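Take a look at these structures.
What follows is chain A paired twice: with chain B in the first complex and chain C in the second.
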Partner chain A sequence: MNHLPVAAVLLPLAAAFCIAFLGAMSRRLARAIAQVAVILDLIVAVLIWRTVSTAGPLAYAVGGWLPPLGIALRIDAAVASFLVLLAMVTGLVVLYAANGGGEDTSPAEGHWFWVMALVALGSMAGVLMAGDLFNLFVMVEITSIVSYGLVSVRRTGAALEASFKYLVLGGVATGMLLLATALVYGITGYLDLPMAGAAMSQALVDYPYAGMAAIGLFTIGYGVKAGLMPFHTWLPDAHSSAPVASSALLSGLVVKVNVFALFKVMLGLWGSSFGGGSPLRGVVLVLSVIAMVAGAGLAWRERDIKRMLAYSTVGHMGYIFAGFAIGSPFAVAGAMYHIVSHALMKSCLFLSAGLWVRQTGSRDVNRITGIGKQMPITTAAFAVAALGMIGFPGTNGFVSKYYIAVGALDGGIPIVAISIIASSLINGMFYLPVVIRAYLGRSRRSEIAAARVPFGRETAPGSLAVVVVLAVLIVLTGLWPGGAMAGFLAASRALLPLP
Partner chain B sequence: MVERIFGNLNYLLAMGLFAVGMHTLLTHSNLIKKIIGLNIMETAVFLLIISLGYVRGGMAPIDLQPGQVAVHPLPSALVLTGIVIAVSTTAYALSLVIRIHEQYGTVDADELARIMRGQGQ
Partner chain C sequence: MEAELVNSWIPGAIAFLPLLATIGVFVLGDQRAQIRDGLVVITSAAVVALAAAMYPAISAGHVLVSRIMELAPSLTMIFRVDVFGFYVTLVAAAVWLMVTIYSLGYMEGEHAQTRFYAFFLLTLSGALGSFMASDLFTLFMFFELMSLPAYVLVIHEQTPQAMRAGVKYLFMTIAGSLAFFFGLVAIQGMTGSLDLNQVGKITEAGPLATGAFIAFVIAFGMKAGMVPLHVWLSDAHPVAPSPASALLSGVMLKTGAYGLFRVIYGIYGAEFFRAAGWSTWLQIIAAVTILLGSAVAITQTDLKRRLAYSSIGQMGYILLAMGLMTERAMVGGAYHIFAHAVVKSCLFLSAGSIIRQTGLRDVRDFGGLGYRMPLTMACFTMCALTIAGIPPMNGFVSEWALMQGAFDAGLSGYAVVLMLSALMNAVYYFTIVITAYFGKPRHAEHVGEMHDEHGIIPHVTTEAPPQIIPKRHFQWLREAPPQMLVPMLILATASVIFSLIPNNWPLEMAQQSAKLLLGR
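And then the complex of A and B:
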């Protein structure tokens, strides 16, 4: 039997455990273990992906116990692609933080950043693979607790306050998810997703209210954790007050893993995304359309670059929710591809903005005027990712937005396609001025004098290389979406019930 | 009607307790009380899960004699895991409160918001 799926979870957890003990002795040792662990995990993820793409979907019974007694890990083409994405982005962020990083990235508080980044990597892999409701709940909780920690890793006042707010809202969501899991177990008698799903149609006839309550609680619970519009209030504070390496992980990966968990639960239990004919689908669609436009609008108002990026995440989560809620194979594949695109774009934006902040000592977007002349490579990477956010053809953002929009038109919901265009225009209204000002603006002498660090050259070559790799990946996945997109389309056709 | 209420008493009480917890969490501005509210909410869910697996006259499923019935063991195992998660969240929340108190000298959310606003300007 192929034990790779367990390795994808256990390897980062074991490395985190080692760092927690050995890191106190030597910072360099901690950094070395973290870098080796992420590279090994990427190899494991690629091997899983190759196995799945040659032999088809994989089911692994943990400890040899088959469901309903045991826990199953299930990996199809989409999950395998996400595992590679997860390992790649986490790996790049760890390499960035290990090689200097941005002004507020260097894990000054010792080795805890490495521990939490690796635990997040392992637990998010667990969320993606979990085929069992309770296993899913445990993995989501580990991810959440580590995320609260990633926010407050530098223990500044604002970060502590943001972390507490995140924890309180996340705690309410936890209670709801556990309650929903208990209700599903109570009415179907199973925790394994396919088995509970098979028993669900009868259970919904016998206990309609408990079933409806479970659908609602799952949606709200994961909606809070994924920053769906009315429940997003924790997100801008948490993602902007964290050090940029943490922000890249939280904004790039953690929120998306939660949406995917919701999609998996909905599909597994109710056979279609967002409860089939229930009014919930309409509610989620309306909320995601509002999120697309309002998230971008709120980002447009911000002058703090990190808060701008955080609000932009709220907007882009709207795209992903919309794609899943539309529920046609095209839209779902587009939403899955947007998970990939947005993870690459947003981590690239946060990490390159981190290098700017490191050089200028300020998060004010006015301070980066003219920085493109001094830091041309960093600024170019930011510009590529910003174009991706707007959906410029040739970047991966265009591909995923196109698929979601086509799916919306196919599904007879043109309002989603219209709001994707509106949201892209607003994205252009705040991303382009930043890029234009960075390249063409003239920096005033007073601003240069006010900067803490001498304004001037590129910094931290290791971190810069990471940012460049991300920018190159954005263009590559934009020009040749073929392989990954074919996998997502096949996966969503296999998952979704035929109309 | 009465029978239905008594038949589902465990659900109703757990929902009530859940509401009490959420009310505490949302209405109190003291951070410690918010954490207590969170714990009450989680306890309500644990209560519900345990009551799902209850069998009248059931024992713990260890070393059963013939003729004895066992309660359903899986919910108990779930709650055990749930308690571990709740404890670790609570521990982390309390340590955050200690740090916040060190930084700002308050554990009151409203006052904290006032201080943060003052710093922002």
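And then the complex of A and C:
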């Protein structure tokens, strides 16, 4: 029971290892191992969550070696909730891909998708739990490398190019993170986050420029990996050219984990969200406010549904950055809740869009006219997720936006609340026409096909079940955010310095 | 004034019963149309019965509360029904029941009936939930639940015109919702609570308080058809099928007015509202709405567009009452919620009846219609008399109260506005009535042939195309079937009977509501 944290990282990695060798022999075996592994990992995550909610935050020293030399894993209520989210979403995506999901009926990638998805699962868990800078760096790097692979897993021309762009930019970011880590180690003498944080205030007096450089490098480095504007340029290509299962993982989980890593570093080292009174907070606020509106605006112009969803992710990352940068308990809790909401919503959107694309053979938004008749359940799931993105009450999107907005007013930055509203309006302007066209558009092909398809048999049942589960979760977490939200509020109040 | 709070399951049941019934409607679908239709009617009737069942407790002075759930700290779903809420809920539910019965006749043979009835019920749930909401979040949630499904009702015909009107409606609704969201967040930020019953916490008209108020005016005003946010109304109401138009004009517009009533009198408070000078602004906007709505209605020749603009003008009366803030004005405004709901829905139902049975939509073609559809036109005439404010009809009661209220406030200018409006109403309603009874049809000899040759009369736009009738089957009497007639007659009777009988129940309710809102 007390080795669960390590299991959360090692179990998926071990499964990935097995699949890498055995999968070449039998694709069925690879799929089976993958599905079993994600279910087991979900159980591990839930157990960790139960332990943390009853016994309080958990600290685990890997191999029994204590800091400052050993690696410490630290799990509080927020991290535990995210671990469950990670396991659940990855599990659902794996189930989707294993049961007929995705745009292509003949995946050319063999078993590599499972390998990389599972490695990502393990390394992201590692990022969430990491208690020291170097371990964090290693885990972030593993996640990034596997992400590049997830983009290009189908080896199409566009994907390879996007993956390469992602690799270059990500590599530069990695370099920055390494340099920042080195700087912090240099000036404080510690890699363990709490210890380095304790030494930081003195270090900043001794080495002010190094401190500023470190904070700036961390922000840009993680900003690139999390898709903060203007460092987002790799994202639209990468998330749109990847197969939908990969996009769901990338948009839903990978970028979030990087934002959370930044928040953790800021809090651990500088004691408050985005360095207290540093000008960096203002910069991040401005960037995130712009991102919220510009991301949505750029999505509105898109005709390719996957690029539309990718730009929408850029916009929503703005919400999360804004919430963290504002720093008031409601705002931070709202940002954490938005990590959960957006992960669920974006993966639902990508996965249902994937089912559409598979049916129509095209990613053009105008080609899905009337598909709601043929695929009512899939379209309903997309509609629910779209309403969530707009912030319709009853969905989790509303809850997180509400908390961030109230937190913005609390924190004295009302512009964020206005920007949330403007962004939601623009989100409505491109999501709603898609839903309307899908259900109310007239298409002879759809009507003929709809007549032949009985209710519930519109596509492979496994993948259909996955999008339905996601849509239901969106509504459930929208109507009963209680436990998770209270947990996030408590965590954010505990983490942040008192106002 | 603290009334006794009583926990009750009834408000929750009223709000959720139609929601559950929607699932039933989808499941039953077009295959079991009769059972599905029966389910819709039974649900509407049950909701009316439940609403009426609240009367004993309400008249004893209690306030009924249903706590549904607490989503998160400060986000709760609670229903709280006081006199005002009860009154509006019962009126809305009763009107909805009449329209439901009418729909059974009207929608026969139409496409996408399951979709229509399902979203019909969702809109009902949303409207009633809004009337019973205890706090801003509940109000927001049910307001959205009402507004979004109403889109599907508006675009039911799916003609290009309907889709355009629908898009306009949808985006204005979403803009309104986001304004509502801003107000919600601002109120939470300023007072720490979203309750609709927290007068006195906001003490100064700072930028946030003002901004929040403007946001609420945008959100609710847009829904109520306030100028200049009324532009969706004149397109959406005509293109929707007539039962939907009746509900949009009869009930949905009222939720906007109701929400604004609650925000002004329940959160900001009457004193603050007057002291901040906002009441003057509201009065001016209301006066503009009244005059503009009535004036433009005169210029419209399409019957449903004329009725739509008339609704805009009439909603101005209610907004004016909100702005005048004297007790008699508030009584007038509250009574007008009842009067207009009954009358406007009946007018739209008769319009639907005329269009469906004869295919005529242009008011200049209504010559002789009074004899071809005697009962329908009788209903129309009664309602027209009511709206124009002829005593002893309902409309007179509310307009008289409003005028007295204007004098009470010392602002007799508004009484002049009301009289002008009454005059304009008379002009555009009575011309229709006169044409119907004393006019000759524009193409008198060719009415039968028009149906025969084209099947579609050139200026008919988006209603169901009239049936092609060969000349030898040309009927003089084209009255509507009983399912459509009976609700219209009941509504028309309601528009006149309450002011005749000694016990004017809606008036009593309106008086108590006014007292409640003003805190006396």
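Here, the second predicted complex is superposed on the first by the 480 of 499 C-alpha atoms of A that agree within 3 Å, B and C clash if a C-alpha of one lies under 4 Å from a C-alpha of the other, contacts with A are read in each partner's own complex, and residues count from 1 in each chain.
Quick note on the criterion: a contact is a pair of C-beta atoms (placed from the backbone, for glycine too) under 8 Å apart; a residue touches a chain by one contact, two chains touch by 3 or more.
Quick caveat, the model's predicted, so the values are computed rather than measured.
*Asks:* Looking at A:L178, would you say it contacts chain B, chain C, both, or neither? Reply first, second, both or neither.
*Replies:* Touch status of A:L178: first partner only.
*Asks:* On the superposed three-chain arrangement, identify whether chain B or chain C touches more chain A residues.
*Replies:* C
*Asks:* Quick check for you: in the superposed arrangement, does A:E302 touch first (chain B), second (chain C), both or neither?
*Replies:* neither
*Asks:* Quick one: classify A:G186 as touching chain B (first), chain C (second), both or neither.
*Replies:* The first partner, chain B, only.
*Asks:* Of the partners chain B and chain C, which touch A:D132 in the superposed model: first, second, both, neither?
*Replies:* A:D132: touches no partner chain.
*Asks:* Between chain B and chain C, whom does A:S152 touch in the aligned arrangement: first, second, both, or neither?
*Replies:* The first partner, chain B, only.
*Asks:* Name the contact category of A:L425: first (chain B only), second (chain C only), both, or neither.
*Replies:* second
*Asks:* If you stack the two complexes on chain A, which partner ends up touching A:V399: first (chain B), second (chain C), both, or neither?
*Replies:* second
*Asks:* Report for A:L167: first if it touches chain B alone, second if chain C alone, otherwise both or neither.
*Replies:* A:L167: touches chain B, not chain C.
*Asks:* With touch defined as at the start, can you tell me which chain B residues reach chain A in the complex?
*Replies:* By the definition above, chain B touches chain A via 18, 21-22, 25, 31, 34, 38, 41-42, 44-45, 48-49, 52, 74-75, 78, 81-82, 85, 88-89, 92-93, 96-97, 99-100, 103-104, 112, 116, 119.
*Asks:* Along chain A, where are the residues that touch chain C in the complex?
*Replies:* Contacts found on chain A: 390-394, 399, 401-403, 405-406, 409-410, 414, 417-418, 421, 424-425, 428-429, 432, 436, 440, 442, 478-482, 485-486, 489.
*Asks:* Contact residues on chain A for chain B in the complex?
*Replies:* So the residues of chain A in touch with chain B come to 134, 138, 141, 145, 148-149, 152, 155, 157-158, 160-161, 163-164, 167-168, 171-172, 174-175, 178-179, 182, 185-186, 191.
*Asks:* Name, in rising order, each residue of chain C that touches chain A in their complex.
*Replies:* 69-73, 75, 137, 140-141, 144-145, 148, 155, 158, 163, 170-171, 174-175, 178-179, 181-182, 184-186, 188-189, 208
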